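This report concerns only the one structure given below.
Should a chain be cited, it is by its letter among A, B, C, D, E, F, G and H, assigned in written order, with residues numbered from 1 in that chain.
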Amino acid sequence: MDAGKILDDFRSGVITREQALERLNILPYEDIGFAKLDHHRQLRRGGVETVFCAGKTAEQVRAIFERFQAVGDNVLGTRATAEQAEYVRASMPQVQYDPASRLLTLVRGPKPQIGCVAVCTGGTSDLPVAEEAAGTAEFFGARVKRFYDVGIAGIHRLFACIDEIRTANAIVAIAGMEGALGGVIAGLVSVPVVAVPTSVGYGASFKGVAPLLTMLNSCAEGMSVVNIDNGFGAGYLAARINTLTEKGHPS
Amino acid sequence: MDAGKILDDFRSGVITREQALERLNILPYEDIGFAKLDHHRQLRRGGVETVFCAGKTAEQVRAIFERFQAVGDNVLGTRATAEQAEYVRASMPQVQYDPASRLLTLVRGPKPQIGCVAVCTGGTSDLPVAEEAAGTAEFFGARVKRFYDVGIAGIHRLFACIDEIRTANAIVAIAGMEGALGGVIAGLVSVPVVAVPTSVGYGASFKGVAPLLTMLNSCAEGMSVVNIDNGFGAGYLAARINTLTEKGHPS
Amino acid sequence: MDAGKILDDFRSGVITREQALERLNILPYEDIGFAKLDHHRQLRRGGVETVFCAGKTAEQVRAIFERFQAVGDNVLGTRATAEQAEYVRASMPQVQYDPASRLLTLVRGPKPQIGCVAVCTGGTSDLPVAEEAAGTAEFFGARVKRFYDVGIAGIHRLFACIDEIRTANAIVAIAGMEGALGGVIAGLVSVPVVAVPTSVGYGASFKGVAPLLTMLNSCAEGMSVVNIDNGFGAGYLAARINTLTEKGHPS
Amino acid sequence: MDAGKILDDFRSGVITREQALERLNILPYEDIGFAKLDHHRQLRRGGVETVFCAGKTAEQVRAIFERFQAVGDNVLGTRATAEQAEYVRASMPQVQYDPASRLLTLVRGPKPQIGCVAVCTGGTSDLPVAEEAAGTAEFFGARVKRFYDVGIAGIHRLFACIDEIRTANAIVAIAGMEGALGGVIAGLVSVPVVAVPTSVGYGASFKGVAPLLTMLNSCAEGMSVVNIDNGFGAGYLAARINTLTEKGHPS
Amino acid sequence: MDAGKILDDFRSGVITREQALERLNILPYEDIGFAKLDHHRQLRRGGVETVFCAGKTAEQVRAIFERFQAVGDNVLGTRATAEQAEYVRASMPQVQYDPASRLLTLVRGPKPQIGCVAVCTGGTSDLPVAEEAAGTAEFFGARVKRFYDVGIAGIHRLFACIDEIRTANAIVAIAGMEGALGGVIAGLVSVPVVAVPTSVGYGASFKGVAPLLTMLNSCAEGMSVVNIDNGFGAGYLAARINTLTEKGHPS
Amino acid sequence: MDAGKILDDFRSGVITREQALERLNILPYEDIGFAKLDHHRQLRRGGVETVFCAGKTAEQVRAIFERFQAVGDNVLGTRATAEQAEYVRASMPQVQYDPASRLLTLVRGPKPQIGCVAVCTGGTSDLPVAEEAAGTAEFFGARVKRFYDVGIAGIHRLFACIDEIRTANAIVAIAGMEGALGGVIAGLVSVPVVAVPTSVGYGASFKGVAPLLTMLNSCAEGMSVVNIDNGFGAGYLAARINTLTEKGHPS
Amino acid sequence: MDAGKILDDFRSGVITREQALERLNILPYEDIGFAKLDHHRQLRRGGVETVFCAGKTAEQVRAIFERFQAVGDNVLGTRATAEQAEYVRASMPQVQYDPASRLLTLVRGPKPQIGCVAVCTGGTSDLPVAEEAAGTAEFFGARVKRFYDVGIAGIHRLFACIDEIRTANAIVAIAGMEGALGGVIAGLVSVPVVAVPTSVGYGASFKGVAPLLTMLNSCAEGMSVVNIDNGFGAGYLAARINTLTEKGHPS
Amino acid sequence: MDAGKILDDFRSGVITREQALERLNILPYEDIGFAKLDHHRQLRRGGVETVFCAGKTAEQVRAIFERFQAVGDNVLGTRATAEQAEYVRASMPQVQYDPASRLLTLVRGPKPQIGCVAVCTGGTSDLPVAEEAAGTAEFFGARVKRFYDVGIAGIHRLFACIDEIRTANAIVAIAGMEGALGGVIAGLVSVPVVAVPTSVGYGASFKGVAPLLTMLNSCAEGMSVVNIDNGFGAGYLAARINTLTEKGHPS
């Protein structure tokens, strides 16, 4: 039901003036409002949906996957536990679960991956966040290259691969503890760097506050920050920039 | 001087084995390292330099502008005071100063501006940060559209212009106090949103901590955050995304 | 025993001057003070008592319920565990327990519910706090409408029900993460909004500090805030405003 | 222009189908959206507007007052400086300024004040915040009773007036330093208490954080909290509750 | 061995000049230093020792108790677990353990208790801290009166016993959540009040920070504060003031 | 007017039963309540009053001093500015002002000072707080000995005077920066130590937070803490303990 | 493979110009860069490697130990759990594990230990951190003397051994709670003091923040601070200073 | 007067047993304690004294300089204002003042400077702290090399001088904003790095908290941290390590 049909039905007498007004009244929220938003979400996601699984029961996660499956969407579940994954996969074996990234994915058809997103970490302990970022970027259509354990305590490791990192359209820089990786990379490249502080560390790292502040205060240009441990957010954003770079504005 | 020439000179006897080794030894840092970085900076900036004027004397700012002018770069000075501007312009009248954004600019030749960056603010008090973002984005080659005072306390103001905002390649969302603007916009668009918390507010805003936390915790996809009041950083990043979208990767 | 009787007994010689003085001395605290307060508590609660069960043993909770039952009060226990509930219900099967809200209730006779309190949440994870608020408001005599998962990341969901929300006499807005729900609602309605930050989130949400600050800094008029996860406090306050709106001042 | 007229004009041929669709398209935001909100704001404010003057120039404040005057609204400016007031009053002498509360008001016709809001403070230093709350409540139609300097360090002062405080429909409790006033009052009354922490104090008061936390943690029922020093917010909310109590829901 | 004996032995030829110097050399630390301190500790403690059991193994706690028993001291162990207590009591059955206060005590002979220390709590959840304070004060020779659950949310409960509280030489005021109890009591009495914030609460109580700040900011005279949950420290200090009041300075 | 007179007047017919009840009704707050508190305040203060001058106008301070003078009290004004002092002394030349401590005092007749309070500071910059503490303790009847600049960075300075410090009935230990003075002294003496953190320091002292935390965490027995820079509170409390030690409980 | 060999092979025709260039190309990062760093690391570590075991699987830890063993290095694993240790030692029984310090070490040949590092603690609960510091310093070639439980609450204990502490080339001062130990020692010695705050404590110690701030604010000269509980960092640094003192600069 | 002389005088009858005891009694504090400490301070400082001028009057600073001059010490005043300097130099023209570092120095005879301390900064705004560190290190006998503006945003600047930095015996790394400089340097060198966070920055740098946390969390070995802006402390410590390296332990 859209405004044009309401007008037509009204003029043709199928509906009365009162009925036309009533339908137009809910239109802004249901059709123009709601559907418009849906339209945009479809545009930018390419027919996929995401579910934040943390804090949901296995039953809830399965129900959500089933609903989205019914409408034909690809689905990305983040922060899924092994228990949630097992429960969902019992009835939907085509759903994939990756324990490292805790991503639960339902993908139909081949996934074309374009461009390049580089995912870099300061240490090996940042791997779960990094895999969440990488898996998310791949889910949203980006080719991903991983550069793990290239932290600044041994900065030669970073330099050994900086030229390859530079070929990416967007870079996700993940680091805990002092969190300086993002700033160092941003000073060496010309594409956007999405920095992710992680809760890796102890004592005065305050569960990620230290790297968060480090990243926010970086004077290297072209870097921005997402929440502590938010690999999903960084991967999504990097994939968006990657797509924009490869395909231009979706207007 | 590059490695190939060193090899050739060595084989032809122009230089000794010791000389060849010595030159190869400094190569990584002086030539490949240092010059490579310079090369990249030129690439990504298109012949411009930036100066953070806060905490510098007027003499220092002028000296820096003069040095960059000598090498033919465009120069962008941020957080310049009226005193610094007056002092610099006394000897370099071609330098422009904008009191609202506190930007001090030296631009030669016409500035082509492409694509679109949208700069949105929650209230009128966020204007200085917004102008810094807008002016920076323009300096780095973006066409900028301003949407000021569209905060969520009267969300209809935002809705009245959301379709126009959606046409931008990147959006800068600036807000103090509760700082919810970025999350609302990110939920309505499909391009990257760079959120800037501002120190506008009082009491429990803690000079920008409240909107900073709001923005970091947003569950809207596609948004990242820069430091409190960092209009420059947001403008630069949005301009980068804008350029990538319009022109693709600079490889 | 009241002051009038003391005066009479004194004049009639039943008690001496010393006895009269002694009795008058304790009157302000025992009779006028204590009882006066009790009288007020009865007035405002309508014969109900509340018990904060967290940190109490199952034995203590049962003893309190039994004492209040003996004096004929309705009783509301908050933050009760399943173990506490099971123990209490073993001897008092008429006590009800709701695992979602963790409310333990003893209610005699029909509960008339008047007016309307709207309980809104940003996400599904806020449900326990929301049910605590809703159950509390119902316990204190309010009709409650629930609007769950209407957070601002998909603001069309909120708009689809805003007109119904507006019919409430008071609104409880519950949100974790960025916590912007309350401010958006308060900008759209004309009745008091009681905002409840929740500890839902991770990283820089700091267990509810982020939404707490968001809510305190909202520039939307007509909103106030209670402690993190304090669904009870919000439900109680909303029910009070609901009662005042329906019945006027209890003087 | 409303939807009904569009339908009529469409059916009568005054506008084409395309024109009808185009007009309906902007309706949700300009008419239904925007005007609907306006309608609500009119309802809840009774034809008044508020301006947060802090951070605005005297010229901006005057321009806003003049604009609202033109449409016939009463106007309340908060946190106005003496300079702003003087500048506005130079051309609009009917505007009133109260230095204690820093409120700048433009009121036409008699202001009926109904019900009762009690404004209580812990100390004399809280007076500016208290006057802002009281003046705001009066502006929004509440009769206000002031109970200043009744802090808990000498709790007999509070008890001497608690019965009178109880007659109010809503109570604003303002306190700095330890900030316990709100909780003590809320334990003694049956109407909503809006607590306002103030930045009065030194050392570990951390500019109002200490009383803010005190108030958020109060276990007295029926109290909620607004931002530090936010007398306006508390006065507005108390006036709303007062109006609801006296007049019922504005539906 | 003391300096006088060294001098006598030196003069009488029992020890040589070198031996005398050597012994005098360690005297400042072992005798004058160490023993002097011991002497003072003996004076102020009356032959008792204290052990902070948290973080020690059961073996360590038992070893310490045995050592002190060997020298005839009374011993007070704080924060002892049931496991530690059971292990110590297996070989030292005369040691007493109180699960509520977690105090582990070894007392020989009758304990005379003089004067009066009042221990007050805001709620029943503060009981473990209160019992630690009370048990400590008793161990150090004070008669203790307990006033539990007299928090300010129902201030009449406090008033019902304030006159009895006033008879104490020192008062321990224990409260979590908003923590206002200490300030209210200090405003009503004339003896020192030692305030103890507790970690009882949730959300913005931040594990005791809220009541700690409340207590530090109280403008009631005669109150001081100890660490969160530090019942021992408060009980010890109150007992000291009690002893000073009853017996004067121990010079 | 007291309860006894009301009883007598009632029995003798001077007042009616209604008049007697009315007067008894206000008695708890005006006479028994208020006066009882006054009585206690008189007891513990010996006919003196205190005024926190910060944030008051010179006119207000003078008015308060004049009112207290009229009823014959000694008066202690704290945190008085030179301007306030000059204004008060213009009409009340007998008022004394001490710029170091910022104390403004009105004292009639000789001030007997008994016992001993030791006031110790870590550095010379703590002097203003120390003089406030010392002056307050003297005002409330304590003999005061000052031990300034005995901080732990050169701990021999403290040891040179520790025996004299031990003769005091109560010790005020004042320190900024690391704030360890209190704990060291408390480990060496047997009387109560009131620790005062000061805002002296820079960087990570956070305006007194560092020494505040140091003092709260001291494991030395017999120490408690007051607010940052609260010399008055410490001096008052030490004087109370001094009086209790010299004179016993004021019952 | 080094640059010299490449040059020789190139001149002698063993490799072509292209091959020479290719190998030189990776040399800056693999050989000159990487190996240069390695060379430095070898110099300062004397053929040892360190592994931060926390957050690694037992398999990962074993693999790293095996790799380093293969190249002949001594290996120091920190924060190893008993499970990790057991797993590693199953296949490498020559690896040693110390549960107190959680250090896992692989040492070949005799370990010469020179000079002296003093490791001091405030209390017995700081022992795990102290043993990590001591074991690390020993691993890196320092003779270590332990001075445990010499905290300032009983400062005579420290004085009894201060002369022996002074003989060390570097001192590690470890303390939780108030954390004053480092400042007191630094005021008494002339060599560098590395202070380690520990998370030992409760309440306002905030898991080590209190002693961290104490140490940062110390005005004793010659002290610096490492992260909370970072015994490894302090032991490593003290061992470095010890080696420099004994052997001079490694140039 | 020492213990040996007391023994001799006692045996020879020059002093009585009581006199001997009395003299021995003060010996630990006046002679062994106090003088021993003095002796150590002389040893480690080489006849110099330091004065923290901030918060002192010009008169106090001059008096301290005059007293130290009288005993022949070199004197170093830190954080001296121009006013203090001018006042001191009016009567002591031989005192030198350096506005950049705010150091006020009195030096007699030639200052031999040995070894090398490297002082590095991230940006030009860190210069005042850097000069304080450099001037302090020079005052305490170190040769100093300055490496300013080598921050990680353009890491090639650091690499261009890293080999020269490596020749120092100790390195002071000074940085504000993100503060990553210290960690990067520590990963590249083998000598101790003393990191100094500065208050340079804005927004989420929180006046130096961000770089402080960065530095504390660095996983680079061999680095420790001093207070925000504490150039003096870093310079003193680096000079100590430099002296130890050049001359060995001062025993």
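Basically, a contact is a pair of C-beta atoms (placed from the backbone, for glycine too) under 8 Å apart; a residue touches a chain by one contact, two chains touch by 3 or more.
These figures come from a predicted structure and were not determined experimentally.
Contacts with chain B and chain F are shared by C, D, G, H.
Two chain pairs, A-B and A-D, are compared here, and A-B has more C-beta pairs in contact (counted per touch definition above).
Comparing the CA-atom centres of all chains against that of chain B, the greatest distance is found for E. Note on chain placement: the centre of chain B and the centre of chain H lie 39 Å apart, centres being C-alpha means.
Separating the CA-averaged centres of chain E and chain F is a span of 25 Å. Of all residues in chain A, those touching 2 or more other chains are 28-29, 33, 37, 154, 159, 188, 203-205, 209, 212, 216-217, 219, 221, 227-228, listed in ascending order.
Annotation, chain-chain contacts: A-B, A-C, A-D, A-G, A-H, B-C, B-D, B-G, B-H, C-D, C-E, C-F, D-E, D-F, E-F, E-G, E-H, F-G, F-H, G-H (touch as defined at the top).
Per the touch definition, chain E reaches chain G in the complex via residues 28-30, 33-34, 37, 54-56, 60, 197, 199, 207-209, 212, 227-230. Per the touch definition, chain B reaches chain G in the complex via residues 3-4, 7-8, 10-11, 17, 20-21, 24-25, 27-28, 32-33. Residues of chain A touching chain B in their complex: 37, 40-41, 43-44, 50, 52, 115, 159, 166-167, 169, 188-192, 194, 212, 216-217, 219, 221-228, 233-234, 236-237, 240-241, 244-246, 248-251.
For chain H in complex with chain A, the touching residues are 123, 151-155, 177-180, 183-184, 186-188, 201, 203-206, 209-211, 213-221. Contact residues of chain D toward chain F in the complex are 124-125, 154, 156, 159-160, 200, 202-205.
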